[in-house]
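What follows is a set of structures to go through.
Each of the next two complexes has subunit A plus one more chain, namely subunit B in the first and subunit C in the second.
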Partner chain A sequence: MSYEYVVLKEISKKFAGGVKALDKVTIEIRTGEVLALLGENGAGKSTLVKILYGVYSADEGTIYINEKRVDISSPAEAIRHGIVMVSQHPQLIDTLSVAENLALGLKAFNAFTSIKKVSKFISEKSGKFGVKIDPWEKVWRLTYTQKQLVEMIRAMLLNARVVLLDEALTYLPLEEKRKFYKFIKEFTAKGGSAVIITHKIPEALEAADRIAILRRGRLVGIIEGGSARIDDVRKMMFGESAAEITYGKLQASQPGEEAVIETQDLWITGDFGENAVRGVSLRVREGEVVGIAGIVGNGQRELTQALAGLRKVSRGRILIGGRDVTNRGVRVVREMGVGYIPDSPLAFGISIDNSMTENIAALYQRKSMLVNWSEVREVASSLIEAYKIMIPDAGSLIKVLSGGNIMKVIVSKEINYCRRALIAHNPTRALDEVSAIMVRKSIKERAISDGVAVLLVSEDLDEIYQVSDSIYVMNSGKLYGPFPPDEAERSNVEHLMVI
Partner chain B sequence: MRFIVVRRTKPHPYIKPLIIALSLITGMGLVAILLTLIGAHPFAILVTIAYSFTTPQVVKDMLLLTMLGCALLISFKGAVWNVGAEGQLYTAIIPIVWITLYVAPWSAGSPPHQPILIILASITAAAVFGAMWGAVAGALRAYVGIDEVPVTLIMNYVAYYVVNILVLGPFRGRYVYGYIRTDDLPDAYKLGINVVMQRTGNAFLDGFLEFIRVVVYYAYWVLAAALVALLTWVVFNHTTIGLRIKILGSNPEFLRAVGVDVRKTTVMALALSGLLVGVASAIYYLGDLTRLTYPIQAQTAGYGYLAILVVWLSMLELPLIPLSAYIVSSLRNAGRNMQIFGLGGLESTLVLLGSVLLTYSALRFLTEYEVRVVK
Partner chain C sequence: MGLEQYAVNTLVELAPVFATFYLVALGHSLFEKAGLLDLAIDGVFFMGSSIAVRAAVASGSPVVGTVVTAIAVMFLGIALAFLMTSLPISHGAIGLSMMFLGYGIGIIVGYPARLEVGSIAMYAYSEGESMAIMAISIAIGVAVHIILKYTKLGASIRACGENPHAAASLGVNVLLTRLIAGAAGFAIMGAGSSFFTLAWQKFWDPKSYTLGYGWLAFTVALTSGRHPMILVPISLIFGGLTFYRVKIGVMYGVEKDVANLVPFIAALIAMLVCYATKLKNILAPPTSLGKVYYREERTV
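Take a look at the complex of A and B:
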């Protein structure tokens, strides 16, 4: 029998700047269920799970666990109640082994203390999952999927009764995502509960028993997974804007003749001395959008970083606008009018302890000794309007924004900055559907109307197909293609991604 | 009932000054208790401390520490820890001594506009020397990868050493018998306005007039401190380098990704910091110190080190620098006064500073966290 293990009652939360992130939200989490939490960027999803996990405290409202009123003032306390969160970013220590990492986390909770038992548990669980993990492997050697799996195993080790997945599956390749959902189902079948936050509605419909929809801090409704229709869900999430969602191919570009971004037999060394990129040659012409598909961790990050000038190339050449910029550093590339949406947006894309205007100024104001703030503010307010960024005002610190809105600031300032070329690595990650489509359209718009050459690297095949004029596949540091999108069968492309 | 600590989601508008005030009161209480335990009279201690906050002696220290605090703030904001203000302070005095005593010594026949030119030249030269002294540490950190904290610290001793050699040798005074020090700065180059106040016989009124006299004497310093603070504000709010330094302090990777030379920014942060130390140094030498005495490490008032406390106490907030400069100078003054009034030795100064700063470090977490009571 399922019963209500956790009840969140009339939870309200207001942030600085008067943002009402949650307004009297009442939700129960039942044993044995997968509950999907949906809503557009900034709807309050993360805030809600963070309150349950003890990261934030609610202004009003109460939390009941097993019908008893509780105060959860820290993650440690949440874990004691059997509530564990897995976020997008693995929280593991790179230089320790998997088993060491997990044993470390457990010490505090006196669950398993023997590292032997921990390692046995890891082998067992990962074996069952279908992605083998050697417990003695150092964490830096793991793929992203393996790391997220380790996070899940950690939750199991902690005897979690409720796992909170805040976009934890967002960056996983489709195939492995499915395995995760299976894993989660097994967990709930034994009486556990899972709360999943995702921007992929079809996934939520498939995996969830119930779907709770938040909009601007309010609970719009809870529907049964089986009976839900995608269009209804979208309406509830986005209201009128739901009509803007489309996955149809965007208008094709008329590329010029000249190659704006060109690489010749590029070899790049990865962080751990391996050959991350192996002999990549590609051309992106004026006004053309070239998409690179592939599963995360196949050299895409190293490639885009090298193109932006952030990473040294060990062999080969990079030409931008015909000029050799190989190993010339970031400044040269940036001054040629190249926008860069990085793969690690919070490291290379923005400084969250500064304001939106300061972040824009750092990129745009490069010539004179004095900052022209009125110019910067103009750019900021036009971006806020065009991209519907939810921000108290342009002078607010970035760290007060929700994940999706931070991403919008990063992406919009780069799309607007580029004059000649744009290197976009997963530009719509963490964005809801409406925002993602808007971003794709504006990227395409810059290509078509201003002749910007765009290199789009994405793990999202829908995105690649929707925007690209030409498609490559990257696998183990090598590039396959180009293929024209109309002729490239999706199944073939997917096959190239995993061979 | 139970206390729980939760992370603040809304910053409290006055939390920073509140914490500073609270640590001050707690620290004073602690000292009073401690010294009472060893036999002093608690009332006398509190009165002495309170009195020390209002005496004219704090004016000079506060102004100087405000300038030095601003100077250090420039590097601290960039997470570049310049602990070398002390060395920069004395290095910057070297060209002043040279200019005022050897290049253009004052004589009865000198033209009337000479003092103003010499004063301006001294300030400029001091700024350049301070900046160079800072830039050396910056370059070592940026291009050789040596941490700036030990470097700037060691360079303080190098500066003492260099100054000592100069005072023993080429700068040794010609008119000072029996002392090893430089000749006095010529009166014409002194930066200060002397007014003579008539005594009225009324203790309260006289105290007030003395205060006025001191403030008038340091009028140039007030002006200089205001200019330095304004300059610091302009650097952070209106210049690209100031913006870059701030981002260097919060996310250097982003700075690199927009194509800014992170190393150059590091060097600039330390050079600018040293430059402002140099300016403060010139004001200090021309208005108060007026000569260098051997050995300098025994003569120094340690302003370069106190300035670190000032910035730390201000939580890196420019508007709070004058306030924390005032507090640090008053506490220092209080320690001195307690010694004078026989309420304790040098250790009482240290205990006083220590207990205030300890409480302060304990309470600082309140900027990020709040304590709530649950039933």
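Take a look at the complex of A and C:
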């Protein structure tokens, strides 16, 4: 018999700068159900689950667990109530072992318990869940999928009753994703509850018992999973903009002959001294979009950072527009008109303690002694309008925006900035369907109309197929391809990603 | 005098110098392992060395001087850890403020004792206790190493230093963990600084301060990658360079003032070697060292 285990009542949250993320949202989570939380960027989905997990505190509203009012002011407290969150980016400490990571939240062990004892416990327990993990393995050595698996095991070891999956399955390969959904179904069948946040609506329809839709901080409706139609859900999420959603292949480019981005036998060392990129050679021609598919952690980050001049190359060459820019630094690359959408947006893409105009000025007016603020404001206004960025004004601090809107600021300023080439690593991460399609179209438009060479690195195969003129697969630091998208079977590409 | 006897004598001579550098660097390392940037180190060093003198003179026992110093400095560590974790303020600014506060408190606390007794030699540790001090210091280092490497508490401290947001998400009480690291780290620093006046110099003067040795301990921690065991040889090397700087100067015929610079020149060279070579990967600081931990910020 299912009952309401958690009730979030009239939850409101306002961030500094006046951004209202949630406005009197009431929602219940029942035992034994999968509840999907859907909404466009800035709808308040992540904020809501982070309040339930104690990452943020609500300005107003109450949380009830088993009909008792509770105050959840930290994740440790949420864990005590049986609530565990798994994020899109594994919240694990890379330099620690699996056992050390898992030990951190386990109350069964005191502060001076030896990690050896914890490891033994984890080995025994994970075996019971049908999963094999080496507790002594350092987390940085794990693949993305393994890290997410560790997160799920963690939830089980913590005796979770509610698992919050904040886009946790988004970048998993299809096969792995199916296994995870099966795992979740088994968990809910035993009385647990799962809350899934995703931008992949078909997945939500397939997996969820109920779907709650948020729009601009308000709950606009809850529908039963079985009876929901995808078009209705999209309309509730996006209104009239839903008509813009398409997954058809975008118009193909007519690439020129000259290579704008070229790498020759590139070898790059990773953060932990390993060879993250192994002998990569590729060419991206004028007006061409080259897509690199692959699961996170296979050298894509190191490759794009080296191309942008942010990471040293240990062997090989990088040419931009025929000029050797190997190890010449980010300034040289940027001054050649190269846009860069990084994999770590907050680390390399934007300064969140500054305003949108200040961020634009730092990039666009890098050579000027004095900043032409009216020009900067004009650029900012045009980007806010074109990309429908939800921001109080261009002078607002970036850190008050939602994750999706921060991403829109980064992506829009880079797409607009690039003159010769664009290096885009997961450019639509954290974006809703309408925004993602808009970004993909903008990238393609710059390639076709302005001859910009685009290197698109993405873990989203739909995106790779929709935009690319040519596809590579990156696995264990090596590059396979190129494959023409019309001829490359999706299953073959997926196979290359996981072998 | 045989080689063996010479080695023993040298070790006895160096033991208080080693204990001072080792414990101050060890405590500092433990504090920074939790992601808390410690720029207060030199002020804390001076303050600790002064409290030690006052407490030893008042009680007549150097051991009491060391214990009281450890406890007093521990409270400063707790305050620093609390402020750096609870408020979105710069670790650098608050650390430097505490450094100057430490200098001030040091003079206020130490000067009356100096006026009272003139020489502190009779309240200091005897030469015969040097080796025991060294052994206890290393024992503390081994204990810190075991806790950091093999226990859940150690994993929590390292997690807070690497990524406090992820650590919190994993169920770590970041504030409590940092308070523990702050208390233990500064208590160890306090004990170390007490050995400066009570075991090594056996002298206290407000004009000489602690000669910038707090910053040398900072370098010792930096070049050891904040590792409790690597700290042992590095502390010995820097202790030796500091203690024998005048002898080194005489050997190479350089001015006394230039000879006084030997440990600091060595510190500069050590830092250059650490950060211009691949050692920088091995000795890398905690990823979130000195970063403001503010829970309400958005993430992508």
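Everything below uses one rule, namely that the second predicted complex is superposed on the first by the 465 of 499 C-alpha atoms of A that agree within 3 Å, B and C clash if a C-alpha of one lies under 4 Å from a C-alpha of the other, contacts with A are read in each partner's own complex, and residues count from 1 in each chain.
The definition used in the following text is that a contact is a pair of C-beta atoms (placed from the backbone, for glycine too) under 8 Å apart; a residue touches a chain by one contact, two chains touch by 3 or more.
It should be emphasised that the depicted structure is a prediction, and the values quoted were computed from it without experimental measurement.
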Return first, second, both or neither, reflecting whether A:Ala103 touches subunit B, subunit C, both chains, or no partner chain.
second
Which of the two partners, first being subunit B and second being subunit C, lies in contact with A:Val333: first, second, both, or neither?
first
Contacts of A:Phe15 with subunit B and subunit C, given as first, second, both or neither:
both
Using the superposition on chain A described above, determine whether A:Pro485 touches subunit B (first), subunit C (second), both, or neither.
neither
So, A:Ala76: does it touch subunit B (first), subunit C (second), both, or neither?
second
With the two complexes superposed on chain A, say which partner A:Val55 touches: subunit B (first), subunit C (second), both, or neither.
both
Which holds for A:Glu358: it touches subunit B only (first), subunit C only (second), both, or neither?
first
Quick check on my understanding: which residues of subunit A belong to both its subunit B contact set and its subunit C contact set?
15-16, 55-57, 352
Over in the complex, which subunit B residues touch subunit A? Could you list them?
4-7, 9-11, 238-241, 243-244, 246-247, 250-251, 253-261, 372, 374
With touch defined as at the start, can you tell me which subunit A residues reach subunit B in the complex?
13-16, 55-57, 71, 73, 308-310, 329-335, 340, 342, 347-354, 358-359, 361-363, 365-366, 368-371, 373
Interfacial residue positions of subunit A with respect to subunit C in the complex:
15-16, 53, 55-57, 74-76, 79, 85, 87, 91-96, 100-101, 103-106, 109-116, 118, 154, 158, 272-273, 345-346, 352, 399-403, 406-407, 429-430
Would you tell me which residues of subunit C are touching subunit A in their complex?
147, 150-153, 155-156, 158-159, 162-163, 165-173, 278, 281, 287, 295-300
